[in-house]
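In what comes next, chain A is part of two complexes: it sits with chain B in the first one and with chain C in the second one.
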Partner chain A sequence: MAISVKVMRRPEAGRTSYMRATLKGMSLTFKHMVRPTKVTLEYPEEQPDLHPRWRGTHRMEVHADGRPKCVACGLCPTVCPANCIRLVGGEDDQGNRYPIVYEIDEFRCIFCGMCQEVCPVEAIHVGRHFENAEYTRDRFVYDLDRLMEQDHPTTLLWDPSDPRSE
Partner chain B sequence: MGEMQELSTFWFVTIGAVKVLAVFTVVMVVVAYMTLAERRVSAFIQDRLGPNRVGPFGLLQPIADGLKNIIKEETMPGTAAKFYFVLGPALAIMPAVVTMAVIPFAAPLPTPVGTVDMVVADVPIGILYILALSSLAVYGIVLSGWASNNKYAFLGGLRASAQMISYEVALGLSVIAVLLLVGNVTLTETVWQQQQLGMWFVFPLSLAFIFFLISALAETNRLPFDMPEAESELITGYHTEYSAMKFSMFFIAEYAHVVTASALLATLFFGGWDIPFWTGDDMFRHESGWIKGFDEAGAPIAATPSVLITLLTLGAFCAKTGFFLLLYIWIRWTLPRFRYDQVMHLGWKVMLPGALGYIMLVAGTMLVLEQLEVPFGMLYGGVLTGVSGITTLAFLFFVDRDRVISGAHRKRNVGRRRVPVAREAGGPAASN
Partner chain C sequence: MPDSGRKANTVTLTIDGQEVTVPKGTSLLHAAETLGTEVPHYCYHPGLTAPAQCRICLVEVEGAPKLQPSCVTMAQDGQVVHTESPAAKRMRQGVLEFYLVNHPLDCPICDMSGECKLQDYVFDEGREKGRGREPKRVFGRDDFGGDVLYYGDRCVMCTRCVRFMDEVARDSRLTVVDRGSRAVIDTFFDRGLEGASFAGNVVDICPVGALVSKDFLHKARAWDLDHTQSVCPNCSQGCNIELHTRDNLVQRLRPRENQEVNGHWMCDYGRANYEWMNRPGRLEEPAAGRGAKRRAVDWKRVLEHLFVQLREGSGAEVKVVGSASASNEALAGLAAVGGAAGDVSSRVFRSRRAADEVPLPGFPSLVRRRDLAPNVDGAGLLGFERTGDDGGGGGLEDLAGHDGVLVVLGDELADQGEDFGAGASLYVYLGTFDSPAARNADFVLPVTTFAEEEGSFVNAQGRVQRYWQGMQAPGSARPAWLVLGALAAVLGGDGTPASAEDVFAGLVAAHPAFAGLTYDALGDQGAALQKEAAHG
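Our next item is the complex of A and B:
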């Protein structure tokens, strides 16, 4: 038998009072009728509390002068298990590497958050955000500008010394 | 002396038409808001919110629903009997609405042109009219079930007719107990006699009230007696094939029935528009004019109808009816549906003999009281209350605990009820 099966004891014939059971049921429903327990979240008006480690769509951190923090090291496309990041790196006159193309296909992404974990300069992040609706499918491939525009809070990384993020 | 100023024919007709319109409108509005109340209350009972988007607290939801149902496409099954398919919803809705006509909803209202009865039609056959018309509604259900040419719809219609026949008997017999005490069949007199007795009939006729409540639930096809719909067994029974406004009309019919049944329960057993613990509102159309009672010598005491009393009694009537409307919803969302054989068993083998026996008991008690020349009043009602109370408790004790009606597990134990069962082994297997 599976571990969580609860066997209900059925009373013998003549041992249950239907009247009492009915009245008990009526009083229970009455209690809920006059004082319902609130479980519904009235979504557009009320927002849910997202967990600090909720992993949603990405955002790219930017420097104060508006450049992306990404140094095009290529670690995130390498580590990405869904292979959804496309990165073409470039180098400027001073020898600083920067991304020429940085695209994330959010449909392919499995939101594992490994890109954020692997990033040496804390440029790419997964975010605490879930309202991603779009009218067309191609809008789900986020390019570099789109990633830099995102302003939702970023996900807290898992800290081994605080495994439950408390 | 309360001068009886009769209405002239012109005013009788005019005020009659106004009353018809007013009652019809009120019933329809109450029906519309019953659908909302049902959804909201069921939501609260199940810890949900219910429809609260259209207007404040969802109060405009019935209007949105009505609009939607009118705009929706009507479907007509290809093999349906078209004429009867269309006739069905109309037949279902009509009797439900017209039965409200004989229910008095307030004390008489004085107007400059005469005193107006606050009842659409105070017909002398009152309760008989209701019994005759309310059971007509089943024709609509049976007809639409048959005309749909769908086996589930047909089964629903059959169940509705079987259930209607079974419970109409118990309903009629429980009303007879009331008629015995009233001595008349008009509903205005029912209210008047409850004022005279000094207590509502729910006390001296408690068992009749229980029978009437159960039969009324069955008559209106509400849970726990919604055999004709029975979503889990028959899809939705007789209105499976209906859509849009025709579907909506079945719902209006059902709720109109609920409103009528609630008003009837309030009138027959809870004093109608009578305000409890106050004799100032007692009023009745006597030969000599409006009276509020009789003095020691048996001479009538005059009453003066007033607008204030009319409004107060209207409030009392609405409160009582509203309570029963809520009770209907409350019961629906608490109790599960009966099995079909249980419904038949309860109707024929429990309620029919029970109601018959109870009539004999009430009649016998009344005969004894009359022989002892107990006046119709508190003592008279008190004795009946005692007798009925004991009978009710005995009845409830008797039907409880599988003695009369039982669940499926009883069937296994038939013939071996005396065999001691090993108590330590739990679970269903242990009882075999």
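Our next item is the complex of A and C:
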């Protein structure tokens, strides 16, 4: 069975004017010159407005005296589906349970936010933050000091006025 | 009427609509357990008396005016019991709410979290939200001495610890002080639990996080630990234990029930001695050559060379050093290899001996024995003789300069010098750690510790007990029974054993003392050797 071929009928050469199409295009151009609608962002001078539930790299909340809020309960390494949190608990000089080692491998992290959700003392948070560039790969394993230094806003995993989304 | 003449010693009752027949004198709690129903309980512990004071095991018994404590109510014929009736559930929820009036919600920092009975029961049946508005009373924590810390806030006053010290340890060092919500467990004056030999058990039996181990404090979470059935290697009592491991490191030892050996208990000495299982710096690769000529060689070649040398030297006088920490399987393999290599003139082992025994008065069959190694009796049955002093040293004078074949298994030869075995025609060292005295060894073969292999020990009661592998061996270390079994197989012409079970079967065939035993028969509770053989 032969393949059917549709033959396009085109105007003969020399009998076509492109003027109309050109004017149509130019009118759009001039319209944008006079009344521009911008879709790009002048980053880094302008910063994007991240969604309240944006989940970026982590941050550890601290007490007023500079201690981490973490009590080394072990729930975040347990719940973490990517197994990216390493935690060794211990006791500080005031007898409080605290993390001797707390490391998050941000490369392994899938930013699900479950660590923040499970945390009983609201210590670990995912952040509304996306500028994570580093010169070396090993800088992406954030230790406790690094996590405590981070100062970007934290993610709002749920609306506090409507915690059950009702 | 077949039963009419004599009194039946079983009773049949109905629990939650299911009929169950249990021996007379069984409590409702145990009867429910046989059906797979766990009735919540705190104060009741199978190894202790039941005061029925925690009030959480109350169940509904038809015909009884009030709910009955199932831990002390004995099953009777025709009883109809409901553990899940609305009345029983409402009671439990109420009791749990009272417990939570003062129990802090500090599960995130509590060591018991994950294995806590209060946590479990409240999660199952408790109220979703607490109604308490008053502040909770705060006691802080108290150092009881020994390995035990007491967090008074978390205590539910089940008094298991007090009863353990009174009834089982028979060393009344704990008591309840004060009354009502101010009640706490305390020690007498400054005496504490320091120096008590079985006090670690109060941490195990505490249903909540009130009594915790200082050694385990904040170290690991309960749900992270892998549990492996094992046998305590720290004395010849052979208490049944569980190895709790995490990241290939032993984190703690816990007793496992075996009414013939240790009941529910174990001693503090055994409990505390586990760090050696995690000791780094192990022998990892097999090596051949004396002194400076030593080179790492892979297992296949090292065994071939060793086999050739054993065969060349066959007929020589063989002296064998075993270890009371090695399994029956390894020792039987060692004896077989020695026998195949020539005339064995001495088979010895050394082990440390404590000055005296430490019995547990309330459970007489549990004694911290003098021999501080798990398989002294097994080594004796397999033809090894004790040598050396009570410190585990000495006794190898005639071996150090021996000029025949020398095989050493599992003894680190810590007190021997670098010239040990210098004159031996062939010196084979199988061990977990390198040693100066292994310098002259022609072959150094890395073997596993008991935690990294499967095997069996014979305890001081003449009971053969299995243990299981709980950790990965470092490098290419192999179980001693596998190495020796392969050699013995080549020398003796039998097939290489595929498992510890095969080696044990061969051992049973060769040694009448073990007659009739198989790994299946040992199970996880072990089995006794035949009496006359064990001491004959």
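Here, the second predicted complex is superposed on the first by the 129 of 166 C-alpha atoms of A that agree within 3 Å, B and C clash if a C-alpha of one lies under 4 Å from a C-alpha of the other, contacts with A are read in each partner's own complex, and residues count from 1 in each chain.
Keep in mind that, in the parts below, a residue touches a chain if its C-beta (ideal position, glycine included) is under 8 Å from a C-beta of that chain, and two chains touch if they have at least 3 such contacts.
Remember, it's a predicted structure, so these values are computed and weren't measured experimentally.
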Chain A residues in contact: does chain B have more, or chain C? B
Given the touch rule stated above, what does A:H32 touch, chain B (first), chain C (second), both, or neither? first
Could you look at A:T40 and tell me whether it touches chain B, chain C, both or neither (first, second, both, neither)? first
With both complexes superposed on chain A, which partner does A:S17 reach: first (chain B), second (chain C), both or neither? first
In the superposed arrangement, which partner chain does A:R9 touch: chain B (first), chain C (second), both, or neither? first
Touch test for A:G89: chain B only (first), chain C only (second), both, or neither? second
Which partner does A:C73 contact after superposing on A: first (chain B), second (chain C), both, neither? second
Can you tell me which positions in chain B touch chain A when the two form their complex? 41, 43-49, 330-331, 333-335, 396, 399-403, 405-406, 409-410, 413, 417, 421, 426-428, 431
In the complex with chain B, residue positions of chain A that touch it: 7-10, 12-20, 22, 25-26, 28-30, 32-34, 36-40, 42
Given the complex, residues on chain C that touch chain A span 107-109, 113, 141, 217-219, 221, 223-224
In the complex, chain A touches chain C at residues 71-75, 78, 89-91, 95-97, 120-121
